[in-house]
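By letter and in written order, the chains are A, B, C and D; residue numbering begins at 1 in each of them.
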Amino acid sequence: MSVLRIGHINLRVLDMDEAVNHYEKVLGMDVTHRDDEGNVYLKGWDEWDKYSVILSQAEKAGMNHIAYKVNADTDLDAYKQSIQDYGIEVEELPAGSLPAVGRMLKFNLPSGHEMRLYAEKEFVGTAVGSVNPDPWPDGLHGCGVHWLDHALLMCELNPETGVNKVAESTNFMIDVLGFYLVEQVMVGPDGDIQAATWLSCSNTPHDIAFVGGPVMGLHHCAFFLDSWDDVLKAADVMSKNRVKIDVTPQRHGITRGYTIYFFDPSGNRNETFGGLGYLAQPDRPVTTWTEDELGTGIFYHTRELVESFTTVYT
Amino acid sequence: MSVLRIGHINLRVLDMDEAVNHYEKVLGMDVTHRDDEGNVYLKGWDEWDKYSVILSQAEKAGMNHIAYKVNADTDLDAYKQSIQDYGIEVEELPAGSLPAVGRMLKFNLPSGHEMRLYAEKEFVGTAVGSVNPDPWPDGLHGCGVHWLDHALLMCELNPETGVNKVAESTNFMIDVLGFYLVEQVMVGPDGDIQAATWLSCSNTPHDIAFVGGPVMGLHHCAFFLDSWDDVLKAADVMSKNRVKIDVTPQRHGITRGYTIYFFDPSGNRNETFGGLGYLAQPDRPVTTWTEDELGTGIFYHTRELVESFTTVYT
Amino acid sequence: MSVLRIGHINLRVLDMDEAVNHYEKVLGMDVTHRDDEGNVYLKGWDEWDKYSVILSQAEKAGMNHIAYKVNADTDLDAYKQSIQDYGIEVEELPAGSLPAVGRMLKFNLPSGHEMRLYAEKEFVGTAVGSVNPDPWPDGLHGCGVHWLDHALLMCELNPETGVNKVAESTNFMIDVLGFYLVEQVMVGPDGDIQAATWLSCSNTPHDIAFVGGPVMGLHHCAFFLDSWDDVLKAADVMSKNRVKIDVTPQRHGITRGYTIYFFDPSGNRNETFGGLGYLAQPDRPVTTWTEDELGTGIFYHTRELVESFTTVYT
Amino acid sequence: MSVLRIGHINLRVLDMDEAVNHYEKVLGMDVTHRDDEGNVYLKGWDEWDKYSVILSQAEKAGMNHIAYKVNADTDLDAYKQSIQDYGIEVEELPAGSLPAVGRMLKFNLPSGHEMRLYAEKEFVGTAVGSVNPDPWPDGLHGCGVHWLDHALLMCELNPETGVNKVAESTNFMIDVLGFYLVEQVMVGPDGDIQAATWLSCSNTPHDIAFVGGPVMGLHHCAFFLDSWDDVLKAADVMSKNRVKIDVTPQRHGITRGYTIYFFDPSGNRNETFGGLGYLAQPDRPVTTWTEDELGTGIFYHTRELVESFTTVYT
């Protein structure tokens, strides 16, 4: 049994029209479905399943749930058992609970974030198709993001009380869901507090990541771009559309990726993440960042954290 | 049990000094070992195991064997059984048969190419290390290739006699070694002859590929570069070093990658392969190229095959 | 008095609809005028004068004339005198001879190509305007070429008869029009035959170039792109539109630029030329290419001329 | 008579060893001369005159003088006259006043900055030479800057007292030295205060620039890089060398260029400026930035000025 990748994220937004405009016009995704409750579903041009983002009207921004796709329907039974064995309650939602999605497992990570697993989502194909495809489609718009790539979840971390939901959630992802640790930040006087982790279920440097903070939340969800040049173009598109940029194009030390952090109109932090970085592998040694070089790990060029990184999230 | 990636390739070269100069100075690898028989072992800066290329003096260029690394030593027993069950003879070589490598399974693909599986190779670390690493090392030289990425093996294909070692080797990789099909070329009047395949055991578009031709051989082995800009720099480096370029920088339709085909001094075709292309996944639909668009698949810009593609290999 | 830059080129095309489609959809220019005789006028998004390409229906492809813009109307009088003093006949065409253009000087280069000089062309502005402009406009299409950059004119060169229209035209451009020599190819047993030249009236490596061949003609006209990444995108766009590419993305040794050579539907060779190359200056030493490295100069990666370079032109 | 380009800048540094290390190891220039007073002279690999940077030990950082190269020695006499006619005192320094430089005119801009003009500097050639040159040299190090590109001088501007040294210096450069205005920032209630200007004597968007502030000084001197990718590499090099970065890779709205602002060890602001931006021309309309979009003009992605831009300089 195995988890394939991040399947979708359900974001809460304050103004649906503005939100749809942002994910369509700025990020360059396409609306593929709207349901009766007013939720809007979008996908990137390079994704083949029906959607990877669900926007839900709400009073407060943030993430409702994050979902991962597993390899086969039978994996769901096995995961259900192993999650329960780990001591975490699991609810099984019938097919159709979400449009175009098969049955789902619903549970909370040790950090409290709601996660779902599913094996089936309606196949609609990429924008270039599967027979003699062009490398990119006509009609690319906005940043032209390829796909939802990963999310960074903010987890409660309090060295004084010993609460470390980063470490707890990391262990769960590894022990129960079969992810492996790719990079980590170790802090504290003895360097033994796991303050942030990047985990993979594939060969990308992160399919999910956790970072410690005062209270749980969504730090950001990231969308994939090919290259540093695409990141430049994305920043230009954001400027044209008056998007609030948090961190302009810069390299992450961690993952080696090219980043822009910015906010959707509701205040949810987005990232366009460019470049492969490297090919993660289970036998590649875990990369460790020490507390004194934490800033370098996050923002390789400035070598220091901006305050917003740890204080502004949803 | 699972195969992690291509582990190394053993190439035959006609002049060892020239060959070492090529893989060191042009490709930018580093010699990590020389054995008593005069074989030379090299690795890319971003690889953590001791070597990925073995150069062996010979009268005739080509490939002696290609090796893949599996996840765990116990996988070797399971693979040994399943390969034998498939009807292919397997020899087990003791640890140390190759320097710095544990026990190996040795067998021939249906196409006749010698393949080996191993689980252990001496860890030496990447050039940037695993604690607060820079994204690239000081002292990069030549093309600065990251790692050995994949190989394309030429397999006997004769529609008239019905011999199709492409399809046979593809089936073996899928059924026995757990690879999955990512792209394929289908030819013939009914479009039912599998003339070339690209297979993955990870999330890259190809960890191995097969293409049909008159007789078996090595079409090329490929080394990874990050970007289209790195491919330009690589072509410049080749020109400075008077390397014989077969195909200048161009996009592949298949895999979307950025390629240069060129030859080592012995005539073995090399590739620098740039860009992620896309994230391959088992549930991503197989991309199929039809015979009339085969040229476009191989060389997206010229849209036609060069004669050397199918006639020149080792 | 001084020449500012190439102003426009008048190309003969065999099928106007196909030609307009090519320059609009593939190159990404915009039609800004059509006259009563059916000529079509286009400009790039980053040009501020009304047009830089005139397409004229004809039975045979090629160039009718090439025009350069001078700094001031009074320069025309001075140039008229100096051209006549050089022994070349000049005709003065009244304003309006070409739509939106002031009076013009019309004459033939020593090579026989018709050249025109003018000081005034209707100002229409770039697509981004001049007040708080974005770096690039919304609605970019095709290759999104910035501007007409230069042309390479094929001139009669016959070492046996001593005819060298390359050298004659080069001298004229320098002595009369104030251009300066930037690069040259010297061939022949004594290396004293100027077989090709690149000349600047600005700080770009070439505002016009001449190359020797059997008979006079247009080798290519070139359109500017920013970068190697834009050249990749341009090649992708050409493939999507089934444009016949002559030379895929490659670096020129001469000028250091990034090139694609391709043909419009009538067979006129176009180039997308990317990168600044370097900043040409009158006191920068002339770069000389010797006959044995001519191929390297033209195509830095392959280091050899393709036959079409000297035999196919219009 | 005409000014060709910026010839060199004489910077005051607090620690010569640290400074040389910075300009050599980080920027990638080469020391070409040291004089008896301990001044150090450096050039970029793509420059052909002997030096473009002079480092002088001092108690306080900043710029001693900025020098421009004119086309011919006779131009110096003409400029001497026209500068004096403008009411500015000129001193003529004999050849050899600076090593390897011919006679110089020395005067102060209306802003107070010392400027020099010269026609002769010892030719040493670029690192790739002028016969069959490679596009870039072996042995590139650090950021590998091509050449000194421009400087931005801080000029006294006080709308309340009506002092505007930006406008005065701009007029001088245009009226006396033959530069032309490319871009400008207009502020004040009526938008009629010229608060910053970018001027060209060539076809680059700026050979010199002026910006208003409380007191005169050097805002930054800039070094040329080809591309956005080279800017990324430069930022990586800076991080490796612990260089203090002021503004990470970002696009300027003004000039469209790709920038990094950073400091040499003495606190002088440097810039690596990448990309051509566009081809400036005397007949290209002047680009005007209004006060409300000033931030966008300077930093296109963040759309707002950082405080250090106007307060930190030398």
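Some observations on this one:
The working rule: a contact is a pair of C-beta atoms (placed from the backbone, for glycine too) under 8 Å apart; a residue touches a chain by one contact, two chains touch by 3 or more.
Protein names from UniProt, one per chain: A, B, C, D = Catechol 2,3-dioxygenase.
Here the structure is a predicted model, which is why all the values come from computation and not from measurement.
The chains in contact with chain A (Catechol 2,3-dioxygenase) and with chain B (Catechol 2,3-dioxygenase) alike are C, D. For the pair chain B (Catechol 2,3-dioxygenase) and chain D (Catechol 2,3-dioxygenase), the fraction of shared interface numbers is greater than half, so the two copies use mostly the same residues to meet.
When each chain is reduced to the average of its Cα atoms, B sits farthest from chain D (Catechol 2,3-dioxygenase).
The chain pair A-D and the chain pair A-C differ in C-beta contact count, and the higher one is A-D.
Here the CA centre of chain C (Catechol 2,3-dioxygenase) is 32 Å from the CA centre of chain D (Catechol 2,3-dioxygenase). Centre-to-centre spacing of chain A (Catechol 2,3-dioxygenase) and chain C (Catechol 2,3-dioxygenase) amounts to 49 Å, using the average Cα coordinate of each chain.
Centroids of chain A (Catechol 2,3-dioxygenase) and chain D (Catechol 2,3-dioxygenase) (each the mean of its C-alpha atoms) stand 43 Å apart. Among all residues of chain A (Catechol 2,3-dioxygenase), those that touch two or more other chains are 134-135, 227-229, 236, 239, 251, 296, 300. In terms of which chains touch, the assembly is arranged so that all chains touch all other chains. On the side of chain B (Catechol 2,3-dioxygenase), the complex with chain D (Catechol 2,3-dioxygenase) involves touching residues 134-136, 138, 227, 229, 236, 239-240.
Against chain B (Catechol 2,3-dioxygenase), the residues of chain C (Catechol 2,3-dioxygenase) that register as touching in their complex are 228-229, 232, 235-236, 238-239, 242, 245, 248-251, 258, 296, 300-303. Considering their complex, residues 4-5, 46, 48, 69, 71, 123, 125, 130-135, 146-147, 202-204, 224, 226-229, 251, 253, 256, 275-276, 278-279, 281-290, 293, 296-297, 300 of chain D (Catechol 2,3-dioxygenase) touch chain C (Catechol 2,3-dioxygenase).
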